[in-house]
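Some structures are shown below for you to check.
Below are two complexes that have chain A in common, paired first with chain B and then with chain C.
After this line comes the complex of A and B, so read on.
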């Protein structure tokens, strides 16, 4: 009940209007056929390549949206003192924070679904309506990375101020999305910097690999299971932090 | 029903409540009085279990349940009054049929029968009355009302005081925190005047107060208008 009400509140926020507008613009651009994406001056052609690019972009935007959506929920409950009316009803902090995190994940997945609806329109416009079930499976897989980002943002917002939580969540998400670039930088850097990047890549969730595994479902490639389980493991760790961490209900 | 025995609460260097003791009997309306920073809200939070005293004990009679109406209530603006009560009923673990029944009865009690109006369209007074209604869910034995008339206009205050008087008549035990001495005098039986986390004096409406009003007692006790 707490989660359902929190989701209802979330999807009324302006952020969801932004999600709708971004989706509409991206979908319109892609579906008109007038848009070309170039890499090194060479235009990308073919449905498979274009779909991979579209999926990568939409996954990245969804991850950023998950941070934005999830960051404010728990602090807002404490600022508005809504928690008084919940915690005095015998609801434990673990259950309360768990429900709010569930709302964050739910709202983030709804936002991701809106983006995926844009991708679906693109698929249909390209004559690939019969492959929509693949997009649905890809949505489920990529949803793991969205859930991980949402849980991370929720956990950070519970344990520290909104600004540091946002900075850390944003940095981790950016690093996760651009993991291949960091791997390239690591091999180029060497020395201490290389070791530092290597350590960061080892610790941070590789969101790009989850997205790649999901994208391969659409384009018919072989999907690797390892990134999916790693994503689930990270989500589990973040949820555990949320459930175990005891926030001071009131300071004065 | 409620016994507070020498409770102390410190926040770093500041002592918000210092060796506070009082008791509330069944069926009475008890007032917590004092200027800002006197320790009233900290005391309420400790009674509710939101804060734990560093020293002393808070004892509620066995099986006593509490309801709480906050000073600045916030409710999801997209819900109606009925939906809000049903939501908090569900959070309390009430069955669907029971929370529906109680929501209707409580909305009627606080004069918010219009079930279609969203909370976003409620006035401050209506939100305060809704806050009192949610505190009554599950028919608690002890009601804790924190500044229920704060920010209300004259009509809103009158309606709230009438509501508290109705609850008193219905036999509810109430702990009331308010700055408005006239309101306290109308509905409360006893109370304490606090300063710096301690009790300066106890007030009893039925006792011989030497013909002084509560306001006069308050000013004398606190030491002039601050």
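After this line comes the complex of A and C, so read on.
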């Protein structure tokens, strides 16, 4: 009930709708062939390559959207003192925070679904309508990554101020999306810097691997299970923090 | 939380962690294994080059990612070990007297190429494996001759890592101009079918070479010979392995840039590689007896009586 109300509230927010529309338009422009992506001056025109690029961009934007959507929900409840109404009716903090997090995850996945609709349009326009079920599977897999980011943002917003929570969530998300670049930097750096980057990569969720596993499904490749299990494990850890952490009732 | 909830939560967490650990990479990735198989499939093309006893299957191939080394042994069995280099490396590694091919994992090379505006596919990785395998072959069979190229001269790590070469040409624009002319002549000659025209080109090349060598230090000359022999010949193998996989890639990434000046030691890769291609025009059987004790250009001069 709490989650359903919170999702409805989020979807009604004008900023949410505006960002969704703008990003969906950009996605459609990107995926309907009116723009040409080039790498090293060479156009990337093949369906498989284009689809991978489109999917990577959408996944990255969805992750950022998940941070934006999830960061303010719990602090807003405390700022508006709504928590008093809920907690005094015998609802535990764990359940309350859990429901709000569920709302964050739900809203983030709806946002992600809009981007996937853009990808679906591209697939149909390219004559790959029969492969739409693959896109649905890819949505489910990449949804793990979106859920992890949403839960992380929710957990951070519960345990610390909005600014540090936003900075940490943004940094972790960016690192997760650009994990291959960081791995390359780690390989090239060596020494202490390399070890430091290696440790960071070991601890941070590799969102790119989840996206790659999902993208492989679209192009008919065999997906890897490791990123899926790891993504789910990270989500579990963040959910556990949310369920266990007790926020002081008067904390704003 | 109630005891039942705690038990269920713990069970979910343990299951997910177990799933993550059980599915983690313990060996060579599928894409690197595919590159290895691709490289092995090119053995016949390598045989046709004519370097006697040059077999990829003589050397383990190691894919490194900075955190671990993934070794593919000649029998295709694999193992994971601590990295011998903590940084990105493509080289021949002396592991207790037996050389190993070391190349970065394909995903790392792919990301690096993407940043630089290019691409790194299976063919690139396979060609690189052959390049490094050729170093293993050189060092296994002709180590003394190769060490003889720099005998009596002590170079620092910095010199070998391009500092000396860069400094030499940064301050000497005339030498750079002359070297560019030489590279252009070699690139033309590599395509030349008229032996008389080729001889004329080589006479011109030798004249410019003598002029240029007077402008650069003795150390730079020795490093040039070392690189053209060791890296130039490996580059020749790499070019041929690429050509065997895709004429188009060979034209785009090697042939078109062969006659162009490049920074660092890369210019000597082209210089040495182009010399090998020119010698192929004169006598493709030169590899039967080549022992890496002198630059290929000297054999060209001998064969043409220049």
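Keep in mind that, in the parts below, the second predicted complex is superposed on the first by the 241 of 252 C-alpha atoms of A that agree within 3 Å, B and C clash if a C-alpha of one lies under 4 Å from a C-alpha of the other, contacts with A are read in each partner's own complex, and residues count from 1 in each chain.
Simple rule for what comes next: contacts are C-beta pairs under 8 Å (C-beta built on N, C-alpha and C of every residue); 3 or more make two chains touch, one makes a residue touch a chain.
It should be emphasised that the depicted structure is a prediction, and the values quoted were computed from it without experimental measurement.
S.K.: Go through the superposed model and pick first if A:224 touches only chain B, second if only chain C, both, or neither.
M.R.: In the superposed model, A:224 contacts chain C only, not chain B.
S.K.: Between chain B and chain C, pick out the one touching the greater number of residues of chain A.
M.R.: C
S.K.: Which partner does A:128 contact after superposing on A: first (chain B), second (chain C), both, neither?
M.R.: neither
S.K.: One more residue to check, A:80. First (chain B), second (chain C), both or neither?
M.R.: A:80 contacts chain B only, not chain C.
S.K.: Based on the superposed arrangement, let me know which partner A:90 touches: chain B (first), chain C (second), both, or neither?
M.R.: The answer is first: A:90 touches chain B but not chain C.
S.K.: Please work out whether A:233 is in contact with chain B alone, chain C alone, both, or neither, and reply first, second, both or neither.
M.R.: Second partner only.
S.K.: Identify the partner contact of A:5: answer first if only chain B is touched, second if only chain C is, both if each is, neither if none is.
M.R.: The first partner, chain B, only.
S.K.: Please indicate which partner A:162 is in contact with in the superposed arrangement: first for chain B, second for chain C, both, or neither.
M.R.: neither
S.K.: Going by the contact rule set out at the top, does A:189 touch chain B (first), chain C (second), both, or neither?
M.R.: A:189 contacts chain C only, not chain B.
S.K.: Would you please give the residues of chain A that touch chain B in one complex and also touch chain C in the other complex?
M.R.: none
S.K.: Would you mind writing out the residues of chain A in touch with chain B in their complex?
M.R.: So the residues of chain A in touch with chain B come to 1-2, 5, 8-9, 12, 80-82, 84-91, 249-252.
S.K.: Chain C touches which residues of chain A in the complex?
M.R.: So the residues of chain A touching chain C come out as 39-41, 94, 180-181, 183-184, 186-191, 194-195, 198, 224-226, 229-230, 232-233, 236-237, 240, 243-244.
S.K.: Tell me, which parts of chain C touch chain A in their complex?
M.R.: Result: residues 1, 9, 12-13, 16-17, 19-20, 22-25, 64-67, 85-88, 104, 107-108, 110-112, 114-119 of chain C touch chain A.
S.K.: Can you list the chain B residues touching chain A in their complex?
M.R.: Per the touch definition, chain B meets chain A at residues 11, 16, 42, 45, 48-51, 66, 68, 70, 72-74, 76, 78-79, 87-88, 90-93, 134.
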